[in-house]
Amino acid sequence: MTPPDRDAQLQMLRAMHEIRFFEDACHRLFATGSVRGTTHLCQGQEAVTVGTLHALRPEDQMTCTYRGHGAVLAKGVALDRSFGEILGKADGLCGGKGGSMHLTDVDKGALGSFAIVGGHLPVAVGVAFAARYRRTDELSVCFFGDGSTNIGAFHESLNLASIWKLPVLFVCENNLYGEYSPLHTTTPIEVLADRAAAYGMPGIRIDGNDVLGVHATVTEAAARARAGEGPTLIEMMTYRQKGHSRADPAAYRPDGELEAWLARDPIVLHERSLLADGVAQEQLDAIRAAAEEAVEAALERAQSWPDPDPETRLEHVYA
Amino acid sequence: MTPPDRDAQLQMLRAMHEIRFFEDACHRLFATGSVRGTTHLCQGQEAVTVGTLHALRPEDQMTCTYRGHGAVLAKGVALDRSFGEILGKADGLCGGKGGSMHLTDVDKGALGSFAIVGGHLPVAVGVAFAARYRRTDELSVCFFGDGSTNIGAFHESLNLASIWKLPVLFVCENNLYGEYSPLHTTTPIEVLADRAAAYGMPGIRIDGNDVLGVHATVTEAAARARAGEGPTLIEMMTYRQKGHSRADPAAYRPDGELEAWLARDPIVLHERSLLADGVAQEQLDAIRAAAEEAVEAALERAQSWPDPDPETRLEHVYA
Amino acid sequence: MTVVTYRQAITRGIADALAADEDVFLFGEDVARAGGAFKTTTGLWERFGDDRVMDTPISEQAIVGTAIGAAIRGLRPLAEVMFADFAAVCFDGIVNELAKYRYMTGGQVNCPVTIHMANGAGTGFAAQHSQPAENWFLNTPGLKVVVPATVTDAYALMRAAVEDDDPVLYFEHKGLFGMRGELPDVVEPVQLGVADLVREGDAVTVVATQQMRHRALSAADALAQEGIEVELIDPRTLVPFDHAAVRRSVEKTNRLVVVQEGSAGASWGGTLIAHVLQDGFELLDAPPRLISSDETPVPYAGVLEAAWLPSVERIAEEVRSIVRY
Amino acid sequence: MTVVTYRQAITRGIADALAADEDVFLFGEDVARAGGAFKTTTGLWERFGDDRVMDTPISEQAIVGTAIGAAIRGLRPLAEVMFADFAAVCFDGIVNELAKYRYMTGGQVNCPVTIHMANGAGTGFAAQHSQPAENWFLNTPGLKVVVPATVTDAYALMRAAVEDDDPVLYFEHKGLFGMRGELPDVVEPVQLGVADLVREGDAVTVVATQQMRHRALSAADALAQEGIEVELIDPRTLVPFDHAAVRRSVEKTNRLVVVQEGSAGASWGGTLIAHVLQDGFELLDAPPRLISSDETPVPYAGVLEAAWLPSVERIAEEVRSIVRY
């Protein structure tokens, strides 16, 4: 198992920047009324999805949640069509039918963003089942939050995946909160990875803000899964720098918590490690600037797209 | 914690005999067409329910499954009205509306038998919640099978009970099978009690055919629960001497398995311990005969009762 | 008399229910410290404390089951299930346990459980957070179903639901949270099963709930300009249903239009039409009309969702065509 | 041509589906080694092996989700959910994920999932194992719903369901498992959405499914003795629904009776009546009639359950009263 080379590491930085700028833009768009309903942002959690998906292969399949912009982008989905979907445009990923909570690009292996807590975990099991059934080498990876480990579907999914030894990685993004409730008020144990034992499955807790650490752990778990040794539950400790959704100011945070986590911002940490590794500050700045530019250009394109024809609402119910 | 005295031990023997004779009668009644639909018998599992419920108080509250005749009788519910319900009689426990899978006698704290796997676990949590809310000393006990530990409601219930430290005992009757499937084909771990760790709850596996052992363990767990220290998961190893339901011949059992467990029949074991303790064989025989007589007399009474008036089907939907 | 929002009326209803009866408690995801995902429980935890108002894990099955267990032991649980769509994850608890418990036991228990949840489309939450979910529950005897459309009904039906000895599903409509209206200081109790005669008229009976009641009223106002006087009825509760009120009206107008959010299949609107036609076949001088949403999930984009919901214009047009039949 | 039971026809349908397409696999609780709780999958594990026929834990949410995940990756999962009542524990998977997945993604995926489950009352299984559960799903666009009543339909609709590119809920009726009938060696494919004209007549159109189809046919035979010729239609699939077939018949008979197991609220029968009356108001010379079960859960005792289900006598009497109207 070799760690990602310099180039790959820089790509991960670029990917994290793109997600960060994308989410910042969504925040603005929501505040100005261009996003309908709700939106759940993932600033601060970029290392989880980028570290994970950059450790996997393009043909691996990913499912995620309503807080899924980062996962979808890290899977290589186009920025403009993602914005387009969130803006409800005809050329959005789902033709405007899905919106912020349902970004999907099947061609890229971004199989779906699900808005019912726990709803996609059994789906991820089925995706892994199909891979095994067809004897492909594909793997299924599934992102979900800490709070989601309390719902029934979590239990059933990990159990079935384990007894069938399916190639699926369960990545729990532990950002300390489910909506507005700190984890310890709803969950009687501290280390969620320990729940894996109930399914005879390895469970690992790691720093989810260390993109290279994430990459390494996922690489190993993926190798196990592809070798037919079954699923792994990986709990990645991270932090949601914004509120839960919409305009939540996250007033429930204890003093100093946000600041402490901002000091461990995954982008900052990765830049620091690259600098220590000899990358020049200018190169880092250039990557950041390029990411920002790409995101802004994508947003402009998406904003210029037309609304869907109202009649298209009647399409796509049945095959 | 003192063990049950001689008298209490003899009462437990009597209770186990009654359940055994009751279930044997149900078996006959089903075979001859007097029981509609289905029936799930518990011969061989009597020590679980008797040991548990004789360690608790009359005011404690119990919920169980479709395989619940033993639990209901061990809670002190009348034999004749239980038969009456299974026979669909007007004076059955539920007026003939429930049948074999739904024996209920609220006055006795037999709060319900539930036919959806896992359906009653959250209900048991609510019963415990009410006890705590009202600051009573009552406890909620809930029986369910090994196979039921794979359903989502199990997970949610144990988690909530634990975070709220509610006075509830989760008694898993591990009879090695869920319907026709041996546990190891559906469950990736061996000791189900280990699942308690996922909820920060003590989990204990004990011999479920040793009625005094069951009694002792439950006594201890109940004391913890009443002291506000929260729930316990107790896995009781036992064996379903008959098929899953109806006329299932249980052909899927490995050779010798039934015989090995018959040698550890909970009634035989308890009689042996009583004998060793100086109780005379004649007294044991008398208890057995009295139980048999009581069951037969109850059955005769129940059989003599009228069918419900068809119009009563319209009652009891709303309060 | 104060002017409050529909959201505030719900909160006041819950608060007064908690104050009136110590056996009432409120629980659900983020209802305590956070005051609810829709801020319908703001301030209640501060006022009633940890013992009466509780946050739960994300475990709807456990929430519903806990409500049932507590109810059969004499309490009056008021559970929040946030978006009504999430009732799907605890559907078993609601339809197989809660609705049938009393019946299966031959009347040994009552289940005075109230579950309140945010219903309906129009606010851009897409397919999994926008369903008018009340129709899922109407083929399950044992449940009562309430669908308040006004500030006063939001309050009064909450009180009635909590005081009722049976399970009540209380659907508050997301599209109405910000609507303002007058709430009397002392609100007349409302009985479940009594419709509200919103507007009198002789040309056609229109029956509508929640968001559609308001659109139907706008349509009625427009039609009045043309001399078409609509009689508008809001049943307020779908179970029990005030069939007598609809019958009385149809006897007068001889025309029936039902306006509902959501698709037609197995819906309350279709049920109502079948009922009226069976019992009052000769009453109608024109075909009954069910105005409903498309047979699709709820789409996200503004233009799509707007087209999915019956509009004031569409309602007016269809009512007009029935009146002119 | 062989005489087989309805149960055996299901098994043969599944077997032929497995044989015809390697992408089809069967899974569920006790479907493999045990041959299914209702023995509808007997011998399939022995024939197709561990890779194609699998037992699962008692985890219906995982079953439905696994089917969805496998389907979007190109397989054709056939899942068993035993008693249809248990669909309540995986209701979210069915109505929020399966039904909407294609739509929410703007048509990026197909979900060719079939879920087969044992439906209905009359066999003494009491309230939690006897519901005609099809009505739970009819307000959820995206699902197809099939309700075979005969040996041939049990076979042919199973084949059609598995071959269909959309989610199909296949309800087999418990009361029909032992019914015998002729199954041709080569069964004509049946399209979803095409009704079966069971019996021709000119006096009244009766629409019924599953167990009620057979009772309605007995009632029709009895009424024929009195000179009342019933036209009996079995829609066979509730979604899509063959409205054209019912319309054609009502144009001839000018009378409509729907016979359904289960209560009236939000049911397919009520939906059908509303539909016919909206589009064919002038066609009817008598009120439509919905013959359904009581507004209660299903009771256990024989005399109670028998009274709960529409009987042949009751059907005959109500049809007679409509004809004489």
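Read from first to last, the chains carry the letters A, B, C and D; within each, the first residue is number 1.
Here is the rule we go by: a residue touches a chain if its C-beta (ideal position, glycine included) is under 8 Å from a C-beta of that chain, and two chains touch if they have at least 3 such contacts.
Everything numeric here is computed off the predicted structure, so don't read it as measured data.
Colleague: Under the document's definition of touching, what chains do chain B and chain C have as common neighbours?
Modeller: Neighbours common to chain B and chain C are A, D.
Colleague: Specify the chain most distant from chain D by Cα centroid.
Modeller: Centroid comparison gives A as the farthest chain from chain D.
Colleague: Measuring from the mean C-alpha position of chain B to the mean C-alpha position of chain D, what distance in angstrom results?
Modeller: Chain B and chain D have C-alpha centres separated by 36 Å.
Colleague: Go ahead and note the Å separation of the Cα centroids belonging to chain C and chain D.
Modeller: The mean C-alpha positions of chain C and chain D differ by 30 Å.
Colleague: So what's the Cα centroid distance for chain A and chain B, whole Å?
Modeller: Roughly 45 Å, centre to centre.
Colleague: Averaging over Cα atoms per chain, report the distance between chain A and chain D in Å.
Modeller: Computed from C-alpha means, the inter-chain centre distance equals 40 Å.
Colleague: Listing for chain B: what residues touch at least two other chains?
Modeller: 92, 94, 96-98, 102, 114, 116, 119, 150-153, 156, 159, 163, 185-187, 317
Colleague: Would you give the residues of chain C that are in contact with at least 2 other chains, written as numbers and ranges?
Modeller: 56-57, 59-61, 85-86, 88-89, 92, 96, 103-104, 126-128, 141-142, 294-297, 299, in rising order.
Colleague: So with touch defined the way it is at the top, what topology do the chains form here? Options are line, ring, star, complete, other.
Modeller: Complete.
Colleague: What residues on chain C touch chain D, complex-wise?
Modeller: 85-86, 88-89, 91-92, 95-96, 99-100, 103-104, 126-128, 135-142, 239, 262-271, 273-275, 277-279, 281, 284, 286-290, 294-297, 299
Colleague: Considering only the defined contacts, which chain B positions touch chain C in the complex?
Modeller: Those residues of chain B that touch chain C are 61, 63, 92-98, 102, 104-106, 111-112, 114, 116, 119-131, 133-134, 140, 152-153, 156-157, 159-160, 163-164, 315-319.
Colleague: If you look only at chain B, which of its residues touch chain D in the complex?
Modeller: Contacts found on chain B: 35-38, 88-89, 92, 94, 96-99, 101-102, 114-119, 147-148, 150-153, 178-181, 185-187, 252, 307-308, 310, 312-314, 317.
Colleague: Show me the residue ranges of chain B that touch chain A in the complex, using the header's touch definition.
Modeller: Within the complex, chain B contacts chain A at residues 150-156, 159, 162-163, 185-189, 194-195, 197-201.
Colleague: Looking at the complex, which residues from chain C come into contact with chain A?
Modeller: Contact set of chain C toward chain A: 29-30, 33-34, 37, 55-61, 85-86, 88-89, 123-129, 294-297, 299-308.
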